[in-house]
Every structure is written in C-alpha cells, then in structure tokens.
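Got a structure here, written out as structure tokens. Questions coming.
Chain lettering (A, B, C and D) follows the sequence in which the chains are written, and residue indices restart at 1 in each chain.
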C-alpha cells in the first residue's frame, strides 16, 4: 500500500478527478471538502471501485478542524505522503463592487488553508525524508486582470507560498509543485455558463490529473516546480 | 496648490522620504501611520519647511479608521490625487516556526490596507478622470524565498492587486504603478543589522522617492506599471 | 509502429537519454548530431536493444543539410510526429572577452537550427492535425547572468520562438513545449568539472527524459507549454 | 558640457525624440542610423536649436563601421557616457511564410548591433567608473506571440543581453536599463496603419524620452533595470 494522499478541496471537478486517479493508482486517499455529502459520495464511489478512501467534511480555513482531520487520516489510513491543495474560490467584479471581505476569503481559502494543511503534513514528510505537495493555481496566479483583484491576490499569495515551501523543503526531500491551470475547467457549471464554446476549449479534470500524477512521481534528480496547463486551442 | 498626496505607511524610512519629496514639490501631504508621534513629528518637520502636512495616526487595516482619516484629509487638505502605499511588514523564519497569524498580518498590512485606501481614493480619482496610486513592493514581490513565505504571500498579493487596479482604472485615467525594491533600504535599523556591508549596498530612501516622483508625473501616453530599483553593486 | 521522433542534438547526455526513452517506448527515432560516430554508435545501441533508429551526421545550422536529413528520415522511417530540440551550446566569459561571433553561434545553434527543423516538421504535423515539438532550455532561458550574455541571448531567443510556435500551431493540434533545465546535467564532463559536488546536485538525463515523455503524451485538453526541472537539493 | 550620448537607431520616431531630449538637456548627441539624410537632417535641427550633434550614417550590424563611428564620435564630441540602443526591426507573419533570414536580421539588428556598440562604449565607461546604457524593448521582449517568432526571438535576445550586462557592469558603475514599450508608438506610419484608433492609444516618443531621461539620471543607490511603458488606455 502506498502513501496516503490528501485531497484538500475534493469537490466534483478537479478534486474528484485527482482522487480517482490516485485511488486507481492504489493510493489510499483522504477527501477533504466543506460538504459532508460531497466527500461521502466520492468516498463511496472510490470504495465501490476497490479503492481505500476516507471522506471528511472540514472547513479548511479552520486550523483546529484541519488538525482534527489529519489526526483521523493518520489513524485510519496511515502517514500522509502527498497533499494536493485544490481549495476553490472564485470572485469576480469591479473593484469597488467587490466587498473587502472577498479579499480575505480568497486569502483564507488559498493561502491559510494551505498553511494549515502544510503544518500538518510537513513534519512527518521531513521526518521520513520524502513527500509531495501540489498546489493548484490558475491564470490569476500569474496575472491580475481587471475584475479579478480578489481572486488574483489569493492566487498570487498561494504561488508565493509554494515557491517558499519548495525552496525550504526541497532539500528535505519534499517536492512542492505549483500547477497553473490557464483556461476553463470542464464541469456542468462552466459548460452551462459558456455553452457556446466548443468542447475543445475546456480542460478535462482527468487530464489535469495525469500531470499531477506525473509530478508527484518525478524522481528527485529532476523535479518540476511550476507547470502550466491549457487546452490546445486556448488563446493565451 | 497641487493635489493632496496620501502616504499610507509614513514611517521614518521610505515614507518620510516620499513625504519630503512631495512637500518640497508643493503638494499637500497626508501622513498615515500607526504611531501618533511618528506622523506628528514628520508633519511638524514638513510644516517647518513651508509645506502643508496633516499627520494622522491610523490603523490602516481598519476600514472605519481609514474612512475616518480620508474624511479628515478631504476636509482639511482637499481632494486626494495621489496615494502612495508603503505600509511595512516584515517576518522571516522557518515555515513551521512562523505562527499562521503572521500570514494573515502580512495580508492585512499589504493587501487589505491597500484595498481600504483605494476604496476611499478611487471614486474621486475616477470622477476627476485622473490620479496616481503607487504601491511599494520588494524582492519578495517576485520571488518566494525559503524563510519568506509569509512575507512573500503578502507582497505577491499586493502585486496582484496592483495589476488588477492598473488594468481596471488605467482607462479611467488613474495611473497605478508598482515599485519593486530589490535590496536593503538604508535606515538606522538595517545599518545596525548589516554593519559590515558597505554604504554602496543600501538603497537611499531619497533616491527611491525620485523614481516615485517621476512615476506619478509620467504623461498618460507612456505610463510605467512596474519598475524595479536596486543599488548599483547589488548582486541579483 | 508509432510516429517518428527526431532528436536534434543527439549527443551523449540528454539527447541519448531521450533517444533511449522513445526507442524503449517503441517509437522509431532519428538521431541528428554533428559527429557521425556519435549518432552511429547510439543508433547501433538502440537497434541492438530492439529499437528502430537512424543516425545522421548533420550540421543543424545548415538548412540544406537539415532538409536532406528530413528527406532521408521520411523515406527510411516515415512521417515525423515529434521533434525534440536539444542542440547544445555553451559559452561563458566576461562580455569584453567573448568574441562577438559567439553570440551568433549561440543564435544559430539555438534559434536557427530550431527554425530549420520546424520548417521541415511543421507542414506534415499540421497536415495530420497533430505532433509535438519539445525545446530544451536552461537557467539562461529565463535569466541573463553576468558572464552568460551570449549563452542567454540564444536561450532567450529559443524560448521566444517556442512561445510563438505554441501560440500559432497549438490550434492546429501541434503541441510545442519548452523545458527549462535549471541545474547541472550529469555527464562525465560536468562531474569532472564539479567533482566536489554531491551526486544529488546533478540532473539525471534519464529523469529529464521522463518529463519529456510525459509532455508529448499529454492529452490535448491539458497541454503544458513551460516546465522547469531541477534537482531536489538545488538552490534556486 | 555633459557626456556624449550615442543614439544607435536615430530614426524619425523614438530615436529623434531621445536626441531632442538630450540635446535640450545640453548633452552632445551622436546620431547613428543607416540613412545619411535621416541623421543629417536631425543633426541640423538639433544644431539649429543650439545643440551639439553629430550625424553618422552607419550599418550598426557591421562591427568595423561601428568602430569607425565611435572613433569619430570620441574625436569630434568627446568620451561616450551614454548609449541608447533603439535600432528598429519589425517582421510579422505566419512562421512558415517568414524567410529564415528574417530571424537572423532580427538578431543582428537587436543583439549584434548592441554587442558592437557596447564593445565600443563599455571600456571607457568602466575606466571612468560610470555610464548608462538604455536598451529599447517591446511587447515582444516578454511574449512570443503567434506571427511574431522572428521579432520576439531578437527582442528576447536583446533583453537577455541587457540583463547580463547589467549584472556584470553594474558593480563597475555602468547603469544598464531595459525599457519595454508595450504599445504602438505614434508616428506617421503607425497612425496610417491604425487610423481608426483613438489618439489615446498611441505612445508619444517625447513621453518615452522622459522616462529614458529619468533612468540615466537615477542616482546609483536606486537604479531601475526594467521599466514598462504603455498608454493609459492600453489593454494588456
């Protein structure tokens, strides 16, 4: 049995795809998301497919809740070897229309949730001399567009955190990678919103998962820190 | 009489140098910083030199305090034409040793204080079809170094905010610029800490102020958004 | 039988590792390098292992020689589906000591050789609606260091070319990726030069090859354009 | 009398504006461009306005011609203190339609002409412990767009050269800066080509010149290496 993989932000799009990919690869997976029903139905699906899965409803911005969840993960599944941070947050609008608290929420969901999960994961990764942390970014991780101030502030912050962690923990054998998803991810909501766009303009979560899988298995002589992903027909 | 210039973070290093430069250039300046004594002694100095200055002790992370300060500025000095955001924050240490709250403080002092000041400044700048906002960044705005996770997360966030504001408000005539200070600023504290370094390795606040002055006076056919500054002998 | 993979710059380090990886993956490989003996001994090795390989000594900066080589490849192996551009060039020294012609050589080996190979490969890739081109970059692709002016000018140019090709040919189904190798590649020469460095500080060509392999097999809903690679203990 | 300023690429747009700005600031200026009539009429204009100017028709990609020009400049005007590299080159088109030689021309005009001029200027700048070199870049210095492969390859190369020179010669007191002009410069040709665009969407050369002037006068405790410039209404 492999290392436990924690998916922080195990929602129905990317998070579920990552969980499926790692469960299919025989890793026990822990699914963290705010909604009980979301994580339980995904855990059920994975177990029905022969996988080992634990679903936990948890507010990732609450350090006590995160600590509690990691204790259960360690007890029920074992030591955490990989953390995939996929907590979603989207806000968009004219700067003067967006409530200041949206900036704070974006920061909590991107940066603080990652801080909390990393504080739980890193000590044991360092102790074992290995581990992998993958942070999921977006176009807004590299570019602050008009109307995206709150979104980009959080995503830039997550990228900064990723670089700092990579530089501090790489020499301890912990691989920290940042994936910049530069395009629209295929899910019922984005399809509905952009119904006139061709299928070729959406990123498939299962395909994103293949690159995440590749990253965490790179031998340590040649680690990637930052990788972008976009559909072939995307204008960028 | 020119437009009012608000210096958010009017501490003894850069902030004071910016205030002196704009007061010398005949702009009324409003000095915001946490400590009453800091802003009053600087305001006294500027008034003694013939300038118009208003010092206000204010917690820049408190939106009500910021709103109150801007009301006093408008009433006592006039409409705000320029905002220079220089709120300082520094934290450094191994990731697992830095308390999570340091990340939040870095975000509040960099991003939220700027959000609050911009929400006060932008409506009148847009109404008048002009204005300038200068955000002061650092090496950590572009690079998340080991031991600098909390610092960089805040500074990256500030840069994201700056790009979003520039793209949204540029067409309204508001010039938003981001200055990346890549080196150690000369002040009593940094000199003491790095006493073995030659003088040539420090940035002089008065020289930084010259570039800030240049930026806010660029004609609108050729605006800079991002400018770096470092001492000539700096290794980078 | 798969698509033909052309390795432009099939020297003993990375180039040979790429060739081995693709031959092992059942792709016919064409090996291009300046020295007859280099390409023939590698082709012999691959054929001895059951692979299909064609070694061609060619000056990659000579468009006629490149055109001639591609005609032989198409005739003897079939249509070219992938191009991996690995032509090596290194020069280092104080700006005033490096002869101007070194800049030109760097440009010819990085940019012009890629232009020539792409002009041969792209028409058939576009006609078939698919293909992959991987360009191998270096630290100097992103940063012009002191003493590296000629090296970086060529590598920056290659990166520019890669971005332009990716944006133009992506919608035609051709995946163009740029790999930034940020560290020292393990080979007899680098080991001798840096004999005091621990093994952990070198990139293994076979490990770099795994990421190249991953890139060219990414499904087209989620393509990477730029990926960095460095050893886990690298300071960056 | 100030230091001699060499404008390499003293064409009718930016180059002339730089020349006017420095002549107005009492610097003797040397004007280098391919066409005799261009440089002579500009030199005449500057002298008529009370300036000191020397116009020299020179192919900047020819090292002997450049050396000859610098000898005349030193003899007739004095020691060169500043070099502004503005050699223009534009090519645009589908990759397979652009002749390979266009890449080479772009490289010669951007990188090699700068190498030649810097080899002439740097030794005396280093000897005197001071000087300034400003390189004029473009949107294509940072981004390789579809249809801009040859343009971007040259401009990326120039940027690489600038970074290397800045890092090598900064400690010698030579300030090397790179200006990224992100938009369309106002001149008869661009106005004709984009006649439907509002005036606000063009950069004015005289305004670009103000930032170049600022850069070369920055005190050495706070030098900028890279500065962007765009019109306020530009979408970026």
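As a working rule, contacts are C-beta pairs under 8 Å (C-beta built on N, C-alpha and C of every residue); 3 or more make two chains touch, one makes a residue touch a chain.
All figures in this text were calculated on a predicted structure; none of them were measured in a lab.
Engineer: Do the two copies subunit A and subunit B share over half of their interface residue numbers, or under half; same or different?
Structural biologist: same
Engineer: Going by average Cα coordinates, which chain is farthest removed from subunit D?
Structural biologist: Checked the centroid distances; the maximum from subunit D is A.
Engineer: Express in whole angstrom the distance between the two chain centres, defined as the mean CA positions of subunit C and subunit D.
Structural biologist: Taking the average C-alpha coordinate of subunit C and of subunit D, the gap between them is 33 Å.
Engineer: Suppose each chain is reduced to the average of its Cα coordinates; what separation in Å results between subunit A and subunit D?
Structural biologist: Roughly 45 Å, centre to centre.
Engineer: Could you list the positions in subunit D whose residues touch two or more of the other chains?
Structural biologist: Residue numbers touching two or more other chains: 167.
Engineer: Of all possible chain pairs, which ones touch?
Structural biologist: Pairs flagged as touching, ordered by label: A-B, A-C, B-D, C-D.
Engineer: Taking the touch rule as given, give the residues of subunit B at its contact with subunit A in the complex, in rising order.
Structural biologist: 63, 94-96, 100, 103-104, 107, 111-112, 115-116, 118-119, 122-123, 140, 143-149, 152-165, 167-169
Engineer: Looking at the complex, which residues from subunit C come into contact with subunit A?
Structural biologist: Listed in rising order, the residues are 167, 170-171, 173, 175, 186, 200, 202-204, 207-208, 210-211, 214, 218-236.
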